[in-house]
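Across the two complexes that follow, subunit A remains constant while its partner is subunit B and subsequently subunit C.
Up next is the complex of A and B:
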């Protein structure tokens, strides 16, 4: 049984003798990425020339395929196969687990005549070239019997039910507390459906090594479920799928699972006896992969004249696919953020025939802060209080719902330091007072919060006769910096220069780690690496002190130090490579493992931050420009100041996108999404982002893991959009509660105000 | 159809389906996979390469239109051992995360600076005024290259360093 107290002992990361922990070193795989020599899944060179697969999406949202005609496609030049549900290889029914401990059941493609969402892959062509495959894919004829679809979220709110297994959470008596409050706010916000738009569309390349062993390169955030799901689908042993995902062109939650590109590449490679690669087109990504669902959020706040909250409620309505159960938990963070004796939070879920909803960067917080953090701004105005001060007055001493102490909570410090660095005192509380040429200028702020998690993970460390340390882990790097932080932890733990460390990840044959998601990656993978590294230290210390040829012979293994590639006991020393070359010429390999502490639940563990933003609003066009933005964050010990800052600034820019740009409307006629490419789906580009920075406060969270680190990948996104929206209001006095705040929406408000 | 192009200084002769885009010719036929396919529709800039020194979206151009052209891809700018100053600046400033937009950003940035030097106009600079390489100018001129990881501030810093010869 593990306990957080096990983590109190000193360790090399805490000691940081080499000074590598916290240092903003360049990305480990950076030289490959900036030279275009890091191969992403579709770019791996297979053992023989690949064939090219192209998928065809359904043209209806719900119904049946009644007839297929693949004759013309089959006769098209270069075509090697054409499949629909009529002739695709048999696969186990969806979710089958032949191995009871599989982390993912089978995921058959082209499994039946049923169409469950618009764009669902329903046909597949493989040809000798991409051009031939694309041309043939246009020749496939499908007839459908549409069954009528239900995609109108806002019209179906009354059909919403409790998400499976959930209940509303009420503390005290919300209704009574709200009714008795001197100052009340009751407003509703909406957020639209969003697409991840990772720059690399999902892609897979597969080939077979004999009849029972499949090698598959794909672009996925979690290795083991991808491996197991594919093995179950193919009906082979789990270890007979070798799944690799070395470089991933963005994930953001959308590659937390695999899609039909992987299944079809593997099936076709088996059928044809040659490598096959399949990529989603950009257009196919919009429907064929998951999205962040739309929400409606009702926030009610009741406070005394002193600004102390007496009652708060946040209810979220959202949607998922008819066959799914994903819930966008936009109200969850509200359970921990502010003190109030009377509280009510919950979620309602509508099942629709839209494509599958799922996790997208900071699921819950990204959407939820867009309402509550603006509601706090509105309440501050009603009270005549500064929005920063309002938040500080509602700072809880313990977690307001479960009564647990916070492991660390530096929200107030983030708020105060951010206010000072940003020049918040220059803000005029009355909106519409500041002009700069044609621009109305305003300042806004919001708090950020995101949970912290630790999952079980393993890792192996090797040392070879050159003294090179190799870290191996079935972990992924989706741009988050995993390669780099693992290298830093390894170098610091074994006391070697960074250049003497190799990192191998993204491979199902390496010790399992949960992958990238929920900003748990660095803490989870890194803690397992620290454990493995400490085991290797012990193994090396035993080797040296037990080896008569070593100057350290007969010393106490506990006294061995590791520094600059040298092992030593006081003034007796030798280089690591000399020791290994002599005493263990084959090298040494050990594993290490991290598990969540049983008692970690005694603390409320979150990461925090504060966003400050300055925007310009053109009152004539309704255009909003982000001029300046600053985030101040507290997220445990930071392993790499450079990559962590990049994660945070990236998240902040996602917030700008949520506030001002992004949203994919639904076309009720076809049950499809209107925006199907990167010209129509508006997301932030270079010119949309002004001066923008992120600062990290010193913190060590010793309840989080042995290193005291936490995640930052999603924190930056939480609250950032609300800071933008609040700045828009401060600039021009118009509150737009339907996101994104596009010029048409803002103009309507400006005109109504006579501006 | 047979076409001849000079790719990263090397004369290459290719027998191509006339429907092949320059991007697919580079990636699938010449195995120059550094140029990325983000949208295949000229909307993201991930495929940006230099054709006779000018930045273009390789996905939006058929290979046969480049018979006789000199094409420079990210692989032609530098290698991991000998980085081009722009590549070094991107590395130093962490101007990328997943790295998928990065080759396009770097090719685009190199060509953008040359365009700027040659006096190419942009909406950032009022008519008749002499452009200065302000951050706003860099942002405007780099807005054809989307970075979903949103390394935008770092990209501006990297380009500035490279432009000022610091990288």
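Up next is the complex of A and C:
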């Protein structure tokens, strides 16, 4: 049984003798990406010339396909095949786990005449060139019998039910506590449906090695489930699918699963006996993959005049697909953030005929902080308290819901240091007081919180006769820096320079790791890497001390040190490559593994931060521009200052988008999303972001994992949008509780105020 | 995208002649046309590349205006010293559009003839009279926050997205063209685009295969110039509304299917109305649809601010 106490012993990452841990090492694959030489799935060179597949999406939101006409497409130049549900290869029903060793069910494509959401892939053409395939795809004619669809979330809140297997969480007596509070706030916020908009759309390339073995390159955050799912769909053994995902151009949760591009590439490659590539178009990404669902959030806060919360409630309404079960748990973080004796939190789920909802960067927190952290700002104003002070007054000593001690909680330090560095004392509590040219200037802040997780993972380490260390793991790098971070851990653990480490990830044949998601990636994959690295150290130490040819012969393996590519016991030493070349010329390979500690649940474990933001509001037009933003974060030991900072600032920019720009409206008549490209779906651009910085406090969380690190990939966008919204209020005195705060919405408030 | 043939025109005359072939289209920077072809919204059978024709010069005219070749890139126009000296507002308007990459590629002629950004026009599964005459207008009762408040019809409520065209309209510029028969025409930019009526697919005053060869800008009117655009983000975004002021002339952008010359406001200014009153006179003729109601107060406020900015510029002051 593992315990967090097992992680207390010193290890090379903690010792950091080489100083690589924490260093801002450049991303290893950066030059490849900016020179266009990193082969993403669609750019991998297959063994023979590929054919090109193009999908066609459904033009209705719910109903049946009544007739198909593919004759013109089939007769179009270069076309190799055209499929609809009428002639696509038979596949096991959705979710089948036929294979005993599979964990992920089948994901058939073109499975029936049913249309379950707008944009669902319903037809598919493969041709010798992409151009021919696209041209032929326009010739496919489908007739539909539409059935009434239900997509109007805000009109359907009455139909909301408890998410499967969930109940509201009440501590104390919320209603009584709220009623008895001297100061009360009861407001509702809405957040819109959002799309991930990864730079790289979902794409796959597949070919077959013989009749029973499929090689597939795809863009997915989790390799093993994708391998299993594809094997089920194809009806072959799990080990007969070799699934690779070497480079990913952004995932954000949207690539936590695979889509029909993978299934269809593999099926068509089998049918045609040649490699087939399939990619979603930008337009198809919006409907054909998952999205972050819209929410309605009601927040009620009751406090005494001293600012201490007596009652806190956060209820979230959200939606998912009729056949789905995903819940955007926007209220969950509120269970841990502030002390209050009477608490009520929960979720309500409406099933709709929109495409499938799913995880998107900081699921829950990203949406939820947009209400609660603004509610705290409003409450502070009602109380005449500084918003930072209000939060400090409600700092809990233990987790307010479950009474568990915090493994680490430096929220107050983040708040205080941020306030000082940002110049928060210059904020005027009365809104609308500061002008700079045509801009009204305001400051806002918000707290950040996001859970920390550790999942089981394995990793292998090899050393070869050149002393090169190779890390192998079925992990992915979605652009976060995993390659680089694993190399740092390996180099530090084996005492070799970074240039002497190779990292191979993104391959289903490598030791399994859960992949990237939920900001568990570096902690999970990295801990398994450390374990494998320590095992390799032991193996090398045993080899050296057991080898009569080594100067370390007959020494105590525990005394062997690893530094600068040299193994030594005091002044007896040799290079790692000399040792391996002589004593193990074939090299050594060992595995290591991390498992969550049995007793980890005894602690409440989160990452924290504080956002500070300065905006300008043009009171004439309602336009908002972010002028300055600072985040101060406490998220365990930082392995790479540069990649961690990039994750955090990227998250903060994400928050700016959530507050001011992003959202995809649903047209209820068609059951579809209005914005279908990156010109219409508005994300922040460079000119929207002024000065931006993220600071990481010193922290080691020894309850998290053997390295004491935590996640940073999602913390940055928790709370960031609320800081922007609060700054908008401070600038002009208008609260917009429906996100995003677009010029038209702010203008309405400005006009209502007589401005 | 459908298969098409392609030729690079050797001369303007050759381009116009080649354009007589059925399904032929000019392509300049391609930043609009190619996007639409990829979505199967445009499906020309033959492309005539006019982008390399030697019509990219920017010259002073004898009267003190400018003649801008139709193939000048948006970037070249915006950064041209003569443009910046005489028509700073034109330069501001161009830079307010798209992104540097787009402006480097896009040409003057192409910018004027770019098509609407109406979301329903861009989604071939939706009815759109502009894309498919007679199919209906998806935007009319749809999510039409960015729809027109002037000159729309039940057949089409879209707006024209060009910033440059708004500036050129306030500057009283004209386009010069070469017609199919080899003749030359000169058309005010303000008359280049048609009101949608019940034929929104017919967009301009140009005949089939008529090539824009230049834009001629007359001398700047007395009084200052200013251009302001409101958009959902700071860059790389179509506008919600824009205002171009050149002396006593006023044009509004993204409020109609053409750059909207605010003649009622101009007349009111001549009659001595103050800026708020004057723009109010123009907006009295607006017919918003509900979701775009905000454009009325937005334009009112923006016009007043832009006129003030122009006055400050005329007095040698900076911009607010």
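The working rule: the second predicted complex is superposed on the first by the 753 of 755 C-alpha atoms of A that agree within 3 Å, B and C clash if a C-alpha of one lies under 4 Å from a C-alpha of the other, contacts with A are read in each partner's own complex, and residues count from 1 in each chain.
As a working rule, contacts are C-beta pairs under 8 Å (C-beta built on N, C-alpha and C of every residue); 3 or more make two chains touch, one makes a residue touch a chain.
The shown structure was predicted, so the numbers you read here are calculated from the model rather than taken from an experiment.
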| item | value |
| --- | --- |
| Subunit A residues touched - subunit C or subunit B, whichever exceeds | B |
| Which of subunit B and subunit C A:135 touches, first, second, both or neither | both |
| Which of subunit B and subunit C A:670 touches, first, second, both or neither | second |
| Touched partner set for A:563, first subunit B, second subunit C, both or neither | neither |
| Which of subunit B and subunit C A:679 touches, first, second, both or neither | both |
| First, second, both or neither for A:653, with subunit B first and subunit C second | first |
| Touching partner for A:48 - first (subunit B), second (subunit C), both, neither | neither |
| Which superposed partner A:31 touches (first subunit B, second subunit C, both, neither) | first |
| First, second, both or neither for A:437, with subunit B first and subunit C second | second |
| Subunit B versus subunit C as contact partner of A:692, first or second or both or neither | first |
| Subunit B and subunit C footprints on subunit A, overlapping residues | 131-132, 135, 677, 679, 683-687 |
| In the complex with subunit C, residue positions of subunit A that touch it | 59, 77, 118, 131-132, 134-135, 138, 283, 437-438, 620-623, 625, 660-661, 665, 667, 669-670, 672, 674-677, 679-680, 682-688, 742-744, 747-748, 751 |
| For the subunit A and subunit B complex, residues of the former touching the latter | 24, 26-27, 29-40, 42-43, 45, 129-132, 135, 196-201, 247-252, 279, 281-282, 478-481, 642-643, 645-647, 649-654, 677-679, 683-687, 689, 691-693 |
| Interface residues, subunit B side, partner subunit A - complex | 17, 19-20, 24, 27-28, 31-41, 43-44, 46, 73-75, 77-80, 83, 87-88, 90-92, 94, 96-103, 106, 135-136, 138-140, 142-156 |
| Subunit A contact footprint on subunit C (complex, rising order) | 1-3, 38-40, 99, 117, 119, 122-123, 125-126, 138, 141-143, 145, 228, 230-238, 240, 294, 297-298, 301-302, 304-305, 320 |
